[in-house]
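Across the two complexes that follow, subunit A remains constant while its partner is subunit B and subsequently subunit C.
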Partner chain A sequence: MDSHIQVPELQEQFETPAQQKDASTLGMWIFLVTEVMFFGGLFLAYAIYRRAFAGAFGLASNTLNVWIGAVNTGVLLCSSFTMVLAVRAAQIGGRRALVVFLILTILLGGVFLGVKAYEWNEKFEEHHVPGPTFHLEGTTEQGPAQLFFSLYFTMTGLHALHMVIGEGLMLFLLWHAYKGKYTPSYYTPVDVGGLYWHFVDIIWIFLFPLLYLIARHQH
Partner chain B sequence: MHGHVDSIKTYTLVFLSLLILTAATTAVATIDLGALNVVMALFIAVVKMLLVALFFMHLRHSTILTKVVVGGGMLWLGILLVFSLADFVTRGWLPVPGK
Partner chain C sequence: MITEAVQERETYLNASYGIKSWLLTKDHKRIALLYLHTITFFFFLGGIFATLIRLELLTPKGSLVSADTYSKLFTLHGVIMIFFFLIPSIPATLGNFFLPMMIGAKDLAFPRINLLSWYLLVIGGCFAMYAMLAGGVDTGWTFYVPYSTNYSNTYVIATGLGIFIAGFSSILTGLNFIVTVHRMRAPGMTWFRLPLFVWSNYATALIQVLGTPVIAITLVLLIGERTLHIGIFDPARGGDPVLFQHLFWFYSHPAVYIMVLPALGIISELVSVFSKKPVFGYKVVAFSSVAIAVLGFLVWGHHMFVSGQSVYAGLVFSFLSYFVAIPSAIKVFNWTATLHKGSISYATPMLYAFGFIGLFTVGGLTGLFVACLGVDVHVHDTYFVVAHFHYIMVGGTIMAYLGGLHYWWPKMSGRMYPEGWAKLSALIIYLGFNLTFFPQFILGYLGMPRRYWTYPDEFQVLHVMSTAGASVLAVGYLMPLVYFMWSLRYGPIAGPNPWGATGLEWRTSSPPPAHNFEETPIVTTDAYDYAALAAMEEAKVG
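Presenting the complex of A and B:
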């Protein structure tokens, strides 16, 4: 283990390390705001089409497995919990705890993606993937039903892509944490990595009710 | 060290609240509340979002500048959603001659 720990120097444009860290945090939040607008357009498209084709969207939504969706939401919330504990460990200088919590976060993220892959595979088997073989039982509105699944795959797919990128970031953090790079006076990457991870969690917090729950009362 | 360190107890309480709210939104969705089903689902999602943002993302302890940026982002998201839906929702309200 390399005991020679380097605290990154204070860059000349900043007056204090705290100011330097605040600038990084602000930069990450600005990026996340652009992500909010990016996903916001998709949520808007969903809202407009869901309103226009309420019947077909409700029927299509009810074919999703609500229990898998709910449990997977729990898995993702667990990963946010382990992530925030990782940031806390970095704040108080617990290198071992930081490594352990980052590993747990990566594993829980992997479980979420695995369950997601299982669900997508189900859609292929049930012919619920938009395209020539698409067929949803019990409705003549095959077009609007395909629209639902197009939005479903776009939104959960982009969310999963963000998860994959998040897993990469976590592996990067894990490697540097293992090497002892983070100290209570410098743990900015862990902090902003955590912001990204929680943001991806928030997107799912909205995707779950909108995609899985919206028409459950009609059954 | 800089930055506020929250207790594990605080994080655990927030985490448990998030799990309970997930169970609540799943259960409430099976009850027929009419138009209120969507309202309840979105209300619970917003509460969960606030818990994650304020506690897990440390927005409570962030600088004023960061809070303004986040608030500004939410404002623009609101403009995107409210103005666009105001168009689509009200289109059928008044008869249009010649349509």
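Presenting the complex of A and C:
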């Protein structure tokens, strides 16, 4: 009973706070495994079509702005860093630091999404959106080139959707952190929220080379 | 519904009252009952479509419905039965109710996620029913492209979204079960003391977690192809329609094991309890569930022998498919060995278990026929395949589900069902099932293709037999619906352990209290240790 008094967040199905934290962490890891399988289907499709249409994929890839992609990668890596610092702050009970680092994470995530939106808009202007008006200079393989951009939009779109969900998660954490809910003895939501954020980050680490860098040597 | 004897004690049923106490409950037992009502509804809804299919096939010429309507009937039958009945059936009802109790836990690890997963199933079901009412869908439950993306004029997207949403329900149930088995076991409940029903649900959960996300992304791509023509499956842009089949079956073959593995777990429980013997070769039976889960991911290509996939891929998939027979046969042999010199009682759940073992064996052996590359080319897309998978899904899963429902009904409701009626319905279901589906093996072998609303005159006798059997089967399925409801009011009081079973769920009162156990049980014996149970009972009396 004592543990219930010390930790009001202990839910009734658990015996100890440690058991609850273990369960939540394992739950998030399993959820991330399902995400790997979800994105896995797309990576499979990408691998098959890139092998079949290496030329068109290289040409289409080289039209992407590598500097924008690189900067965005940097932004996302920084956000993972601030996320780690947020978890650390929660762990040692630094409430103000936790709030600050969560805000920074949210801002960096917002910058990433803004840059992404700018990039997508560029694609519309350049007629690189699959559809009747699609046209890619310098190739007769318009179909496979469209496939590349279909994969580009599906992959970066689903990644961005995960970012938006992550931003929501961070706002939730920020609100509770601001109200002082997280203490060194209970900060599991920050911990598992961080796991999710890093995962979304890692997905991008795979997307960036696959979409932006595959044919740079042909320049 | 509640008599004086039950009223005195607080149970999960009378711990709180009102519609909100059910719709917002976090109690896994109440959520299991929510699921029970939902899937019973979907079972009979899918059954209506089956009835219409069988009525149409009574005569060689299409006399009841048009070809288009017939396509919608078999599609909706498949979609409803697979995604909204069979997939959630045993795990979400019996698993939800008993998995935490069998390991001595107060609840699943994530009760709110458990409730969420029920809502997701209901919301997904609403999408599917919207599609059904708005005009139906006619692609078959397999949604093969390019028909589903470019040609079908029916409600593919609404149905696809429904399955997408219901998929998350399945994923979350699996996630919850895995974490619960890892982190919530009572003191002394080691992995090799887990009841085999827990092992089989654990193996099922692995498939749910690893497979279901793949059907989710496949449906996203399908909807993208249909609405935005993204080209992934469109040869005009270099896309490959066969990729759809690969992605689809990468989930949908393992999904067969999502549907049947929990059933195998129930049979292990039943065979042990009703012969009063520990399951022969416990560890091997436990690992065979995991083996089926793993092998299930390596054989999807056997659905695609005639799709134009590489011949070498076909050879490998055919070869690997045979391996599934090994863990499946291990189970059947070990159940038989368990029966040997057992003190066998022929209670209703055991009748279902016997029915299951026979029908599952027929379904499994015909599975070897269709796993064989050469034979499959002959019987592909015929009624042989239809009969084969109905022997597994209906003869297997539904028999086990009903067996489990009868077995655990006293624990869930606190009352016994009427034994005589239950035995009669088990018999009717067994006979009706065989009369429905055995002629379909012959039909298929003779060349009757599936998914046709009309057929040559010489097939009529076999089709009439099948339809007659379906009518018998329908009576058999309606009977439990009636007598289970009857038993809630008039059934004899069951007591905590009417079967003399060893599981922890039988060590608490029937129906159980809200937190399952008065105090957390401490486990000191293996599962199915009947000698220890007898000693414990004796100590209590003494």
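The rule is simple: the second predicted complex is superposed on the first by the 207 of 219 C-alpha atoms of A that agree within 3 Å, B and C clash if a C-alpha of one lies under 4 Å from a C-alpha of the other, contacts with A are read in each partner's own complex, and residues count from 1 in each chain.
Methods note: a contact is a pair of C-beta atoms (placed from the backbone, for glycine too) under 8 Å apart; a residue touches a chain by one contact, two chains touch by 3 or more.
As the structure is a computational prediction, the values presented were derived from the model and not from experiment.
Asks: Touch test for A:R88: subunit B only (first), subunit C only (second), both, or neither?
Replies: Once the two structures are laid over each other on A, A:R88 reaches subunit B alone.
Asks: Would you sort A:G114 into first (subunit B), second (subunit C), both or neither based on which partner it touches?
Replies: neither
Asks: Go through the superposed model and pick first if A:I214 touches only subunit B, second if only subunit C, both, or neither.
Replies: After superposition on chain A, A:I214 lies in contact with subunit B alone.
Asks: Does subunit B (first) or subunit C (second) touch A:I48, or do both, or does neither?
Replies: The answer is both, since A:I48 touches subunit B and subunit C.
Asks: Going by the contact rule set out at the top, does A:G168 touch subunit B (first), subunit C (second), both, or neither?
Replies: Neither partner.
Asks: In the superposed arrangement, does A:L26 touch subunit B (first), subunit C (second), both or neither?
Replies: So A:L26 meets both subunit B and subunit C here.
Asks: With the two structures laid over each other on chain A, which partner does A:M37 touch: subunit B (first), subunit C (second), both, or neither?
Replies: Both subunit B and subunit C are touched by A:M37.
Asks: Of subunit B and subunit C, which one touches more residues of subunit A?
Replies: Comparing subunit B with subunit C, the partner touching more subunit A residues is B.
Asks: Once chain A of both complexes is superposed, is A:L147 in touch with subunit B (first), subunit C (second), both, or neither?
Replies: second
Asks: Taking the two structures together, which residues of subunit A meet both subunit B and subunit C?
Replies: On subunit A, the residues that contact subunit B in one structure and subunit C in the other are 22, 26, 30, 33, 37, 40-41, 44, 48, 52.
Asks: Subunit A touches which residues of subunit B in the complex?
Replies: So the residues of subunit B touching subunit A come out as 1-3, 5-6, 8, 11-12, 15, 18-19, 22-23, 25-26, 29-33, 37-38, 41-42, 44-45, 48-49, 52-53, 55-58, 62-63, 65-66, 69-70, 72-74, 76-77, 80-81, 84-85, 88-89.
Asks: If you look only at subunit A, which of its residues touch subunit B in the complex?
Replies: 17-18, 21-22, 25-26, 29-30, 32-33, 36-37, 40-41, 43-44, 47-48, 51-52, 66, 70, 73-74, 77-78, 80-81, 83-85, 88, 91-92, 184-185, 191, 194-195, 198-199, 201-202, 205-206, 208-210, 213-214, 216-219
Asks: In their complex, what parts of subunit C are in touch with subunit A?
Replies: Residue list for subunit C touching subunit A: 105-111, 113, 171, 175-176, 178-179, 182-184, 209-214, 216-218, 220-221, 224, 228-232, 236-240, 243, 247, 515, 520.
Asks: Give the list of subunit A residues in touch with subunit C in this complex.
Replies: Listed in rising order, the residues are 11-13, 15, 19, 22-23, 26-27, 30-31, 33-35, 37-42, 44-45, 48-49, 52-53, 56, 130-131, 141, 143-144, 146-147, 150-151, 153-154, 158.
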